[in-house]
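Below: a set of structures, written as structure tokens.
The same chain A turns up in both complexes below, where it pairs with chain B and then with chain C.
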Partner chain A sequence: MLGALACLVLLLIGTMVAMVLYTAWPSFRSNGLAWFGAGAPNQGQLDDIFNSPANPAAYQYELRAWPMIWGTLLTTAGAVAVALTISLLSAIFIVEFAPPRIKRVLEPVVRLLAAVPSVVYGLVGVLVLVPFVGNLLVSERRKAEVQYVVQLTGDSLLVAVLILTFMITPIMVAIMVDALRAVPRSWMEGSAALGVNRWRTIWKIGVRAARPAIVAGVVLATARAIGEAIMLAMVSGSWFAPNPLDGFTFLVEPTRPLAASIVFYLEGRTVPPLGQTLAAIAAVLLISSLFLSLAGWAAKQPLKRYGIV
Partner chain B sequence: MSVEAPNRALGNAGPTRPMESSATWPRADRVGLGLAWAAGMLLCVVAGAIVLYMLFRGLQYLSFELLVTRPEVANDQSRSGGFLDPIIGTLMLTVLGTIIAAPLGVAAAVWLSEYGRPSWLARLVESGIEVVAGTPSIVLAIFGLLIFSQPLFAFLSFTAEGNAVFGRSFLAAGAMISLIALPFVVGATREALNAIPSHVREASYALGKTKAATIRRVLLPAVRPGIGTGTALGMGRIAGDTAIPIALLGATLQLQAVDGPLGTLRGTGGTLTTYVYGNSPAGEGNAPEKAYAAAFVLLLVVVLLNFGVDLISRRRQVTSWTR
Partner chain C sequence: MRSKRLLGVLGAVGTLAVLPAAADAQSRGTVTISGSTSVFPLMQPLARAYVRSEGRGTRFRIAQGGSDVGVADAAAGRVTLGMSSRDPRAGDPGGIVFSRIARDAVCVITNSANRVSNISQQQAQGLFGGTIRDFGAVGGSGGVDVVVRSAPSGTQDAFQSLFLGSTRPTSTAQTVASNGLVQQAVRSNPRAVGYVSLAFTRGVNVASYQGVACTLRNARSGQYPGTRNFFVVSRGRPRGAALAFYRWIRRDRDAQRIIADGYVPLR
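Moving on to the complex of A and B:
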């Protein structure tokens, strides 16, 4: 009986994958692999799909989703890279160096950062950071240089990565702290007994022993980052594929990742081809997060031996 | 050269804390230590800045009237009302999601920890729950729209002329949003079950209790704090989620009941999160003052739920199993 209830989860995942892929199929079929390629601006394409004629034979499906995929890749990679540095250092700090009084503050702080709703992060981003970047960080000259290509309003990759970093840091910190705490004490004491100082001990013994946890943390945080929709929809701006060759301008260029794009066209999903296109975008996210979750689960398995997770 | 201070930490139960000054360390190690301090402080500063800023804006814009007046569609912000309906919406959605997630989560956790046979199936379910936890809520929302628009689920929402099922209602959103809370309930309950030593179960068997009776009379009462922790964490996530209410609840300003039994539950509505999103510059309303006020209330709810977790987990430490 209980087993049957638990298997509902599997049934649900199966239904979800099947249904999303089934609905998405027309979009993938009509574009082929070019779906993932670069081409015309996404906004125009999605509008064309939205305005396609009511006759099913004349449905528009053309979409070259690369700008959105590129946006997801950039925001995710940027946020994960920065968050990995911050969370590894702060996990070491919490486990080894923080005085008890600071530790008592830090643990609720990490939980708080994880608990703040993404719409609140987005609100602070769009009302505080975006005007700051748009008015103070980006000079008028820089705006004028590129005004025929893209408007630099402050809705930017920089703000998106910055906020996303602090949304995924708590996930990594939690896993890493648990793993660092579970490193056998005798290993650390053995190192200390050889006259190795505390920093080298935790860096060479603790962090190395906790490597599976670091991998698991990165994978799970990546899954969270690619799926973040609302916050990115609020701060990342309009469709554009930021070009790394633009120097500093690259950081303040707008982008619109996959998940955020769904939010903007949600109202139009009753138009069948657009609904199918949105399902196709969701399918890409679903498959990526499915593999990331399974990879994270697999990476956690060695940790079970030490009784973590 | 000064004499090294005696190592006080030796023999203590806590972690080893040699009395050593970082002044003698190689420079690279001192830089590392400095960076670790900086990272820890950075997290504190960011969290503090967010909380203080929201507190400042919240106290600036929040008034009692906003809490008890219904929102209206108006261009003039002095007449667009407060956010009574979104507050009720958040409450209803959180309760609905919890009612669905808590029993299912506890059942799954009990099965995984106490039965778990065949073991390949248990591992499959376990990884399945990880997958549910990792699925972005916007994908769950799209899936919800697809499945609840099927004629099979017509009873959950209203049906327009031509038999088009709307697929957006509190019941639909609650069913889908419970998936966000489910992994938290399962995780916390399993952790609590695993913390119960096996001699407790064996004592119950020795008294002639069956396995089912042991679970119901011994284990479940003992893991109640764990269930509470998981449920509170899950409730916090439900209250803070935006994508599912926007897609599956309709994100209307007011609660709009449909005719027939359970009208409000089958109708559309909005939550605090959709209200904040709608009133932010990204949404249609663009009334930052009201967005700030509602976000402050939302943050307060979420923080209180997490504070509740603290109280529960502190009480849990009092009851310990003696050998």
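Moving on to the complex of A and C:
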């Protein structure tokens, strides 16, 4: 009975992947590898696809998805990098240094944060952070300088990365705390017995032993960051590929990642070519998360030797 | 990932709730409705008032989703009536009928610190097309940030045909997902200009269009040029309980009063 249920889940996942790929095929076939390249603004391309004539032979498919892919890469990499630093240090604090009283409050709070729905974060972004960045952080002069290329309204990479970091940090902290706790006590005691101080012990023994679990945590958090849609659709702004050479302006430039683009055009999915294009975007996300799961599985293997995971 | 899953679950629950109801719609007098988020705030009080007065025994299930969802659901028979805030299009599925229920005004709005009093069609095309980059040219002040909706939006469709004509919105425009978010973006950004349904104009500066103020009174008198239609969409002509409801909307005095509260009744 349980086996049958498990098989049913597998079957469902298989069917879903097959369906997404099948639906997405016309978009990939029509664009070829240029699908992943850079080109005209995505907004215009998606609008053209949506406004395709009713005749199937005349369907528009042209899409150069690079700005969206770049947006996904930037937001994900930025958030994961910041979150890794914060969560590693917090996990060490919780496991090794925090007094029991603080520990008792901190841990449940972190786990609660991991469960907050992303619209709530998005709402805070739209109502507080976006106006703050748009009206106070970015000067009128800076806006005027670039207004023929891009609008700096506060919807920005900075806000997106900030909130995304806030969303994935709790997951990473929870996983890292578990991993650091699982490091055999005797290893740490051995180090302490040699006269090594606490910080050096946890850093050289604890963190090093838990490294594979930390990688697994990063992978899980990355998967969540890549797939995050609603919050990013609310705060990250419109289609634009931020340029790192722009200095500070780079941080406040808008971008629209893949998942957020799906949310944006979902309403028009009944127009066949647009539905197929959205499926193509979904397929790219699906395949990247598949690879991430594989990477996460591979990262956990070394730990099995010690029976930690 | 969580929010996508949540959406999926909600979608599944919504479909489950709507599907069986559509099957025996005629026999038990159930009307299922889905579609435009612009029409929804009007449809809800209408349905409530209908059940209280003439339509005792009629059951309603109303979902949202956007004009295109309403059209597609109605065409596929998933709902009895779809809601649409855009006109019929060449690409729509065959065999469906659009029936008008009310009219609504689309207003150009700016931040309340930037009092643009009036714009012409040419100025609207310049602002949203990206050729006018300073509000000085239209009687305001400061640089211009354009806020628009994406193509599947009914409000975008109406704005395109009423204001822009063949001009396309500039590619640098900030695209947001709903009337409320346009309102929020404009309210919080002194440089912003956007467009919303008349019901979403609180807290912002509303510009007149071609010399006529965007108010309910001007929309009702027919002077305001930026008005659009609200439709219910059905597969074939409305039948049974849906027909009774549609007739009530068009003829009953209470229904007309509800519409007149924020929209333009049909005469």
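Rule of thumb we're sticking to: the second predicted complex is superposed on the first by the 299 of 309 C-alpha atoms of A that agree within 3 Å, B and C clash if a C-alpha of one lies under 4 Å from a C-alpha of the other, contacts with A are read in each partner's own complex, and residues count from 1 in each chain.
Methods note: a residue touches a chain if its C-beta (ideal position, glycine included) is under 8 Å from a C-beta of that chain, and two chains touch if they have at least 3 such contacts.
All of these numbers come straight from a predicted model, not from anything done at the bench.
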For this session: Following the overlay on chain A, give me a clash-or-fit verdict for chain B and chain C.
Result: clash
Exercise. Where does A:117 make contact in the superposed view: on chain B (first), on chain C (second), on both, or on neither?
Worked result: both
For this session: Applying the touch criterion given at the start, work out whether A:54 contacts chain B, chain C, both or neither, answering first, second, both or neither.
Result: second
Exercise. After superposition on the shared chain, which partner residues are touched by A:41: those of chain B (first), chain C (second), both, or neither?
Worked result: second
Exercise. Which partner does A:271 contact after superposing on A: first (chain B), second (chain C), both, neither?
Worked result: second
Exercise. If you count the residues of chain A that each partner touches, which comes out higher, chain B or chain C?
Worked result: B
Exercise. First (chain B), second (chain C), both or neither: which does A:18 touch?
Worked result: neither
Problem set entry | Touched partner set for A:144, first chain B, second chain C, both or neither | second
For this session: Look at A:6 in the shared chain and tell me whether it touches chain B only, chain C only, both, or neither; answer first, second, both or neither.
Result: first
Exercise. Touch check for A:81: first (chain B), second (chain C), both, or neither?
Worked result: neither
Problem set entry | First (chain B), second (chain C), both or neither touched by A:230 | both
Problem set entry | Where chain B runs into chain C (options 22-30, 184-192, 202-210 or 256-264) | 256-264
Exercise. Of the residues on chain A, which ones does chain B touch that chain C also touches?
Worked result: 117-119, 126-127, 223-224, 227-230, 233-234, 259, 263, 269
Seminar exercise, completed: Residue set of chain A touching chain C in the complex reads 41, 43-44, 46-47, 50-54, 117-119, 126-127, 130-131, 134-135, 140, 143-144, 147-151, 153-155, 223-224, 227-231, 233-234, 237-240, 254, 259, 263-265, 267-271, 274
For this session: Name, in rising order, each residue of chain C that touches chain A in their complex.
Result: 1-4, 6-7, 65-69, 71-72, 90-91, 133, 142-147, 150-153, 168, 171-175, 177, 181, 184-185, 188-192
Problem set entry | chain B contact footprint on chain A (complex, rising order) | 2-3, 5-10, 12-13, 15-16, 19-20, 23, 85-87, 89-90, 92-94, 96-98, 102, 105-106, 108-113, 115-124, 126-128, 166, 169, 173, 185, 188-189, 192, 197-200, 203, 220, 223-224, 226-230, 233-234, 259, 262-263, 266, 269, 278-279, 282, 285-286, 289-290, 292-294, 296-297
Exercise. For chain B, which residues are in contact with chain A within the complex?
Worked result: 15-16, 18, 20, 22, 24-25, 29-30, 32-33, 35-40, 42-44, 46-48, 50-51, 53-54, 104, 107-108, 110-112, 115, 117, 121, 124-143, 145-147, 179, 182, 236, 239-243, 246-247, 273, 276-277, 280-282, 288, 291-292, 295, 298-299, 302-303, 305-306, 310
